[in-house]
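First comes the structure, then the notes that go with it.
Just so it is clear, A, B and C label the chains in written order, and each chain counts residues from 1 on its own.
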């Protein structure tokens, strides 16, 4: 395939792609974004964090070394790069 | 290259008082938080202005600017900074000031306020509004920091009284004296946070009514109201935490109603940051402030005439 | 370092005592008569730690769900103590967190956690990135066919790619909605995450390595015709993905001079 033919093949792919693809939701037109977010993908997720309020919930200074993960690690199966499969674990794994 | 959206600000920059049967009531606004973006856009007439922490909008694009730009078309906006650490030992961060200036130019807020507090020292940001001793040395230093900030932002700023959990033995003057002199030296105006005043009074063992009377009222350009948590000290006494997590407390409303006739037309803001209510509940708190101030003003006029 | 009684309470000793929760508090602090200032000082320590902990919990919700709230709080407390914010803009806080997760001894055996944290940080960054209008499709379609292979593209400023030996996109999707948790099945291969925020929502796509390579070449300014070998027969599908995902925002043709310089044949 010479350069010109290759170029026309690429042009054909680009024109097909333009015909096949949908227009992405634009930043303008908020209404387009209603209802299309999956759970957790909502656009107000980034709240900034700066505040001038204090807190009365004393929840800092946890004893990290006594803790083991207690979330969904144990149901999240992971294939390691060496090919072995194992879940997260509730107890530290001896290495 | 992304097209830079320059908002055309169709709305007057300054919030207006509302006429009521009893006379004029002050403009009432709310602190805008992201979960309320859409509700506020759907019903912008519910409040007279919005306030945000500018630090939360120091980004290039995305939802934060999308919604704030849209809301700014409908409503006057106030900036309430929490990061300049003006009461601290270090000079205000020039890079941070430059970024704030850009944001001010873009959104044209009618007020820019900061705190009688510090939050950074030696390159660490402590994410809280920390207390300082009310001494002549700190007054001189903070006056210089406020003046520098006003120069960089190209405008007068407001300084707010803090919520205190501790005071310093070496303080040489009252908070009100410190604020009055700060305003006189730097040319800044003041933001009277009545919840903070009450929280500090209870926590430090001061008289909130005396504090209110002593506050330099002529310099007040905005009022804040918020809710606090009521806890117990080890000795069984009251300890108030300024959580902004509930409705405004009755003693704070009482102080507000008492000062409202003296501060007629001064914008009043409801801050709510934790355990956020839905938008209508937040709006009703602002409406209550407007109504209370209107009633107090009408009553004061009635008393004056009688 | 524990502040000495001689040290000025404000600000040096105050700042030092905030950074070290078990240290003595500065001297000459007062409160209401009868109240221990140390109890009051703990409120400031708590405000700092709890506030920053909330920021990290909002920013890394999947990691928090994977580890559980208690473990996550212990992790963030350790991080906050070691890496408090260097500046007042908390939108920028947490960039160092994924690397800290990678080295945190109690969870070091869960090697995939750091990549999950990296994915969540990139998602946060995508939400803050500059806006860009989508590509002018009509103008693109109107380019002469013999020019198309020599087009270069500008890509959306929010675009980011994260290659992982772990199925991070599947793990993220299974855990982002607490109301609909899913189990990530065993045996999933590693995934390449492509993040882009064409509108208000940060989208996370899992893409083949060849497609990630293709996007990165275009992002580097390589002409379309010089990048197509990376996707081969998949070219139409790859371009359709780039268009519908909002990754392409602009184009400009390589000038004939530049084309001759880069390709003497």
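One rule holds for everything that comes next: a contact is a pair of C-beta atoms (placed from the backbone, for glycine too) under 8 Å apart; a residue touches a chain by one contact, two chains touch by 3 or more.
Per UniProt, the chains are A = Putative membrane protein; C = Putative DNA-binding protein.
None of the values given here were measured: they were computed from a predicted structure.
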Write down the pair of chains with the top C-beta contact pair count. A-C
Measuring from the mean of all protein Cα atoms shown, which chain centre lies nearest? C
Need the CA-centroid distance for the pair chain B / chain C (Putative DNA-binding protein), whole Å please. 32
Length of the line joining the C-alpha centres of chain A (Putative membrane protein) and chain B, rounded to whole Å: 36
Whole-Å gap separating chain A (Putative membrane protein) and chain C (Putative DNA-binding protein), where each centre is the average of the chain's CA atoms: 9
Which positions in chain A (Putative membrane protein) touch two or more other chains at once? 27, 30, 43, 46-51, 54-55
Where chain B touches two or more other chains at once, the residues are 55-56, 59, 61-64, 66, 82-83, 127-128, 241
Scan chain C (Putative DNA-binding protein) for residues touching two or more other chains and write them down. 43, 47, 51-52, 88-91, 127-128, 131, 133, 200
Chain A (Putative membrane protein) contact footprint on chain C (Putative DNA-binding protein) (complex, rising order): 21, 42-43, 45-47, 49-55, 58-59, 61, 64-75, 77-78, 88-91, 93, 104-107, 109-112, 124, 127-128, 131, 133-134, 137, 140-141, 145-146, 148-150, 165-167, 171, 173-177, 179-181, 183-190, 198-204, 224-225, 228, 235-246, 265
Considering the complex alone, what residue numbers of chain A (Putative membrane protein) touch chain B? 27, 30, 43-44, 46-56
Chain C (Putative DNA-binding protein) partner contacts - residues on chain B that touch it in the complex: 1-3, 5, 55-56, 58-66, 82-85, 88-89, 93, 96, 99, 118-128, 130, 132-133, 138, 165-170, 202-205, 233-235, 237, 239, 241
Would you tell me which residues of chain B are touching chain A (Putative membrane protein) in their complex? 33-35, 37-38, 41, 53, 55-57, 59, 61-64, 66, 70, 80, 82-83, 115, 127-129, 163, 226, 229, 231, 241-245, 271, 273-274
So in the complex, the part of chain C (Putative DNA-binding protein) that touches chain B is made up of which residues? 9-12, 14-15, 18-19, 28-37, 39-41, 43-44, 47-48, 51-52, 84-91, 126-133, 154, 157-158, 197, 200, 249-250
